[in-house]
C-alpha cells in the first residue's frame, strides 16, 4: 500500500484549529484537570464494567539505562546497599537502590503535566508561561493528576488496520483512518475515554533498534492535526500513544510540535508519551476486544512537569 | 485507654512462625510473584464490582524534597528547561524536569521488591542472598510486579477502632484488634485482598511534624508479629501500611524488622511502605464503606529493589 | 571586647561603591577572567618562591552527605560497584561510585563562576542576565578558570586578631580591622593575591554544630562592604573565605548579598565559598607565616555556574 | 614505522612482577598514601623551582555530558536556578546548578583511590577486599589524597618520539621506549615525580571521534607491564596518563587490567585516568621543556573510590 504525503496545513488553518478545540475557561478559570473533567462517575463505572478476565497488562517500556539514539541521557540506576551489609541490629538484611532520570525522554514512558507546554506565551487555560520558572511551575503541575486516571481505554491499532508492522517515520494518521480503525475493531471513542493510539513505534524500535526520532533525525509517525477536531468532538479525556502522537517532521506551517500545542495547551488533554502496546495487542487479539479499564497514576510530585509512570490495562 | 506493652516473642517462637507462614515452593521454585498469586480472575472482578461512585483517591505522600527527621536524604527535583528557551524550531515551548531519589525512604511512598529483604542468607523462595550484588538483583526485582496490582483493598483503621488520632510509637496491633476492626467496619480480609493498614502514622506526622522513627529514634507503631498467622491464613495478597508495618523497637528477640522478614522473605508478600490514608478515610466515612478497588503499578524498572509509586483507591 | 553594630550603608553609598570598584571593560569587553588578570608571571613566581617546607594543606570542608541546618539538600554519594562483582575478564576487581550534588550549598566548599551573580539585570562586564537560561550560561561559566588559580595566598585571621574563637553571626569586619590583621601577621595583601579570609565560621560549626546562616536563620559574620574599596585598590585576584564573606543580615539598604554583588558582578573577582582553615591555621602558626602558595582548580565543567573544589595551600 | 606485537607475559612472570614491585608494608601496615610517600620536602621544592613563566595548563578533558561510545552514562548537569527568580530579599540574583556523575568513566578525567582496585581478594597494603562494601570503603578512600598532590611532572610523549599523531589501540610502550623518550626530551623520571604519560589517546578521540576502548570494543594503547619495574625503581609517585595506562587487550595471561593491578594494588601508586595533554604539549614545545610543577587535588569526599578532578601543570 502506497502512503500519500500528509496534507500540509497552513498556519491560518492551524490557528483556526487551535481556537476551535480550545477549552480555556470551559471548566472555570483555574481548572487544572482539563479533559479529565470528562471522566465522571458514569465513565468510571463503565470502565470497571469491562473487567472480565482480570488480566492486567503494562503499557510501559522498561526503563532504559543504556544510552542510545533515542536515549541520549539515560536514567541512572544504582544499588545503594545490598546484603553485604548486615543491619547493625541483626537480621534481616536490606537491599536498596537509587534512580535519577529526566521524565520527558523519547523512550521513557511518562505522562505530561499541562504546564509542560506553552504556545505563544500561554499554557492551558490561558495562564502565562511565566508561571513556570527555574523553581518549577506554580500551577498545572503533575499533582493535578494525583488521584490517578481511571477510565475506559480504547485502542486504535493503525498498523493492524493497514496490515503492516508499523507506520514509517513521517506518516500522519487521518481522521478517516481513525474512524476506519474504530469500525474494524468494533469500538468508538466516546466521552471520557483514554485514547490508546498505536503506530507500531515501539515494535519498530524492537525490530530495527532505537532511532533518533526528532527533527535532527529520522522523524516519526503520528496523528495528522486534523484529528484533533475528532478528539475534541468525541470528548476524549486522555491520549496514550506509542511515540508521542506527533508526526515528525510536522505538517503544519511554522509549528514544530503541533499536536502537543493543540492537545496540551489548547485542549488541556492528559497526554502520555512513549508507551508500548506489544503485550497489549496480544491480549486484545486473544480477548477479541479493544476496550478495557485503564488505570494510571503519575508519581505525586509537587512541581512535576510530568512523571515517569506505568499505565495498566485491565481486561 | 491504657495500652499494654506488646507481648515479647522469643526467638524460637519467631522461627516457628517463620516456618509456618513460609510460602517457599508454594508456587514453584522460581516463582517471583509470591502472594500476588492469590489474585485470580475472581478477585479482580470482585474488586471491579466495588466501583460505584467513581471517586478515586491517592494513597501516596507527596514526594518530599525537604530534609527532615524521617527524610535525611531528600529527593532531588530540578527543572531541566522551562519556557525561557524557545525551541530551535519555533513553537511550542517545553518545560521539563529531573528527579533523583532513593526508594526505600521513611517518608517516600514506595513498594518493595521481594529481593529487598534477606533473612539468614536467603530471600523469598529460598533463593540465596548472593543473587543480589552491587550490580543489582538477578531475580525477584520489581519487574515481577510490572503488570500492576489490581484487587480489593480492605482498610482496617486502628485509630478509628480505638478512638484515638494515631497509635503511639512502640505500639503493636494484635490479631484480636484486627478482627475487632473488621467487625467494627463490616469487612473481612479475604483471599487476594490488599490489606490497607492504618496506624495514623501520617496523621501524627502532619500534626506533630516528622520524627525519626527508626531504632536510633522514637520508633513507630505497627503490627505484632502474631498477626502474620492471620494474614497467612486469610491469604492476603498485599500489604499497604502507613509507616511500614513494623513496631519499632521490635518485640521479637534478636530480630530488628521481623515483619519484613516474615512478610517478604517468608511469605513473598507484596509490601508497600509509607503510604498515607488521610484523604482515604474521609472518602470511606463519606461512602460508609472500607473496601474499594486498589490499583497500583510500580515503575517498570529492571533491577529495581522497589519503586516509588502512587497507589490509588477507587470507590 | 564589645563589638559595635556594623555601620549601616544607605543605598546611594552602595551604588557609588559599585561604580567605584566596577571593573567592567577594564580587560576588554569580552573578558571572563576578571581580577584573575592581576595574576601575571611575577605573581606566580612570587607564590612559587614561598614553597619551603613542602607541606600542603586542604582548605576544603569534607563533602557532607548528611542533611543539616546548613545542608538541606545533601550530596548523594553511592557506590556503583564493589568487589562482589568479579570482572567478566577475571582479575582485578573494581569498586566505583557516583556523586550527585549542587555546588552552591552553605557547607559545600566551592568556587563561583562569574555568571553566578546578576545585579540589576547585569552580570560582570555589563553582560545581560539573560545570557543565563535554563540551558545554562552562554558566557562567564566556570571554564573561564579551567587552567586553575595559582598565586600567593594571604590569610587574614580575624578571630586571632580579636583573641576569640570565632566571630558571631551579624558581625562585619572593617577595613581598619583587615589592616590591623595585616600588621599583626606581618603580611600585606597585594596585586594578584588570593585573600584568605577567616571569621572562624567553620570552627563555630565544629564546636556548636551546623546552623542556618541565611536570612531565615541566625545569619553569619563577614566583611563590611567598605572593605571592597581596599580589595579593589590592592588589586586582589581572588577571595577564599570560610562562610561566604557576607554579613547576614546585610548592612546595606535594600541589598541582601551586597558582597557578592560587588565582588562578582562589579569587580569580576574569583570568589570561593564555604572553605575551612582549621588545618591551615595550625600550619601557619607552626611555620610562623601567613602567606603561601595557593593552587585551586574547579572541575572543567562547560556551563558550570561554579564547581565543588579542593583548594590547597603549599608552604 | 612498523609496530611489533607486544610481548606476551605468562602468568608466572606477572606474579613475580607483582611481588617485585609490591610495596605492602613499606610505609607501615596502615599506610594509605602509597607512593605519594616518595614526595618529601625536597621534591616539592624542586617542583616549585620549575615555575618560571607562570603559565598554567589544565590536563583535564571538559566534562562530557553527551553519551557516546566511551561515555555510555554521561554526567547529568542541570541548572537549578537562574535569573528568572528574583531573590525574595531583592538584589542580587543567583544562578546555580547540579552535577551527577560516576567518576570512573572512560572519558571523565579522574583520579583513583587505592581502594578502587582489588587483586586476588586484596587491596593495597594487603588489606582485604571486604573492606569495601556497598556502604563504601572503610579504608584507602580518596581522602588519603585530601591535601593534594604537589610535585614535579615529567611528560613522556611517545607519539612525539615515534613521529606519529597517536599510538594505535593495542600498542604497548616498553621500558626501552620510555628511556628513549627521556633521552629525546632531556628529562629523567626520578623519586617523587608525577609520570605524565602521553599515547595521544585524546588526540585520536578529537580527530576520529570517541571509540569504545574496552574489551568489547577496539581497545587502547598503554604501557607494557614490564615498565612497572622501571617506575618502581625510579620511585615514581603518581601516574597521569591519557587513556588509563592499560593496553587493551591485555598482554598478560589471565589478567584483564594488569597495569591497574600492579600500580594500584601492588605499588599503591596514585593513578589518574583519562587526562588530555593537547594543550600541555603546545606549552612544552613553546617552552622547550617537559617538566613542570603539577598540582592536583581530588574532591575531599569521604568514602570516595576516586574523584573527578582538574590537574594543573605550572611552568
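Letters A, B, C and D mark the chains as written, and numbering starts fresh at 1 in each.
To be clear about the criterion, a contact is a pair of C-beta atoms (placed from the backbone, for glycine too) under 8 Å apart; a residue touches a chain by one contact, two chains touch by 3 or more.
The shown structure was predicted, so the numbers you read here are calculated from the model rather than taken from an experiment.
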item	value
Minimum number of chain-to-chain contact steps, chain A to chain C	1
Euclidean distance of C-alpha centroids - chain A vs chain D, Å	46
Length of the line joining the C-alpha centres of chain C and chain D, rounded to whole Å	28
Per-residue overlap in chain D, given as positions that touch at least 2 other chains	65, 76, 79-80, 82, 84, 98, 100, 133-135
Touch-based graph of the chains, sorted into line, ring, star, complete or other	complete
Chain D-facing residues of chain A, complex	65-68, 71-74, 76, 79-82, 84-85, 100, 133-135
Chain C-facing residues of chain D, complex	39-45, 47-49, 51-58, 60-63, 65, 76-77, 79-80, 82-84, 87, 89-104, 109, 115-121, 129-130, 132-137, 143, 146-148, 150, 215, 254-257, 260-261, 265, 293, 295-306, 308-312, 314
Touching residues (chain side chain C, partner chain A) in the complex	76, 78-80, 82, 84, 98, 100, 134
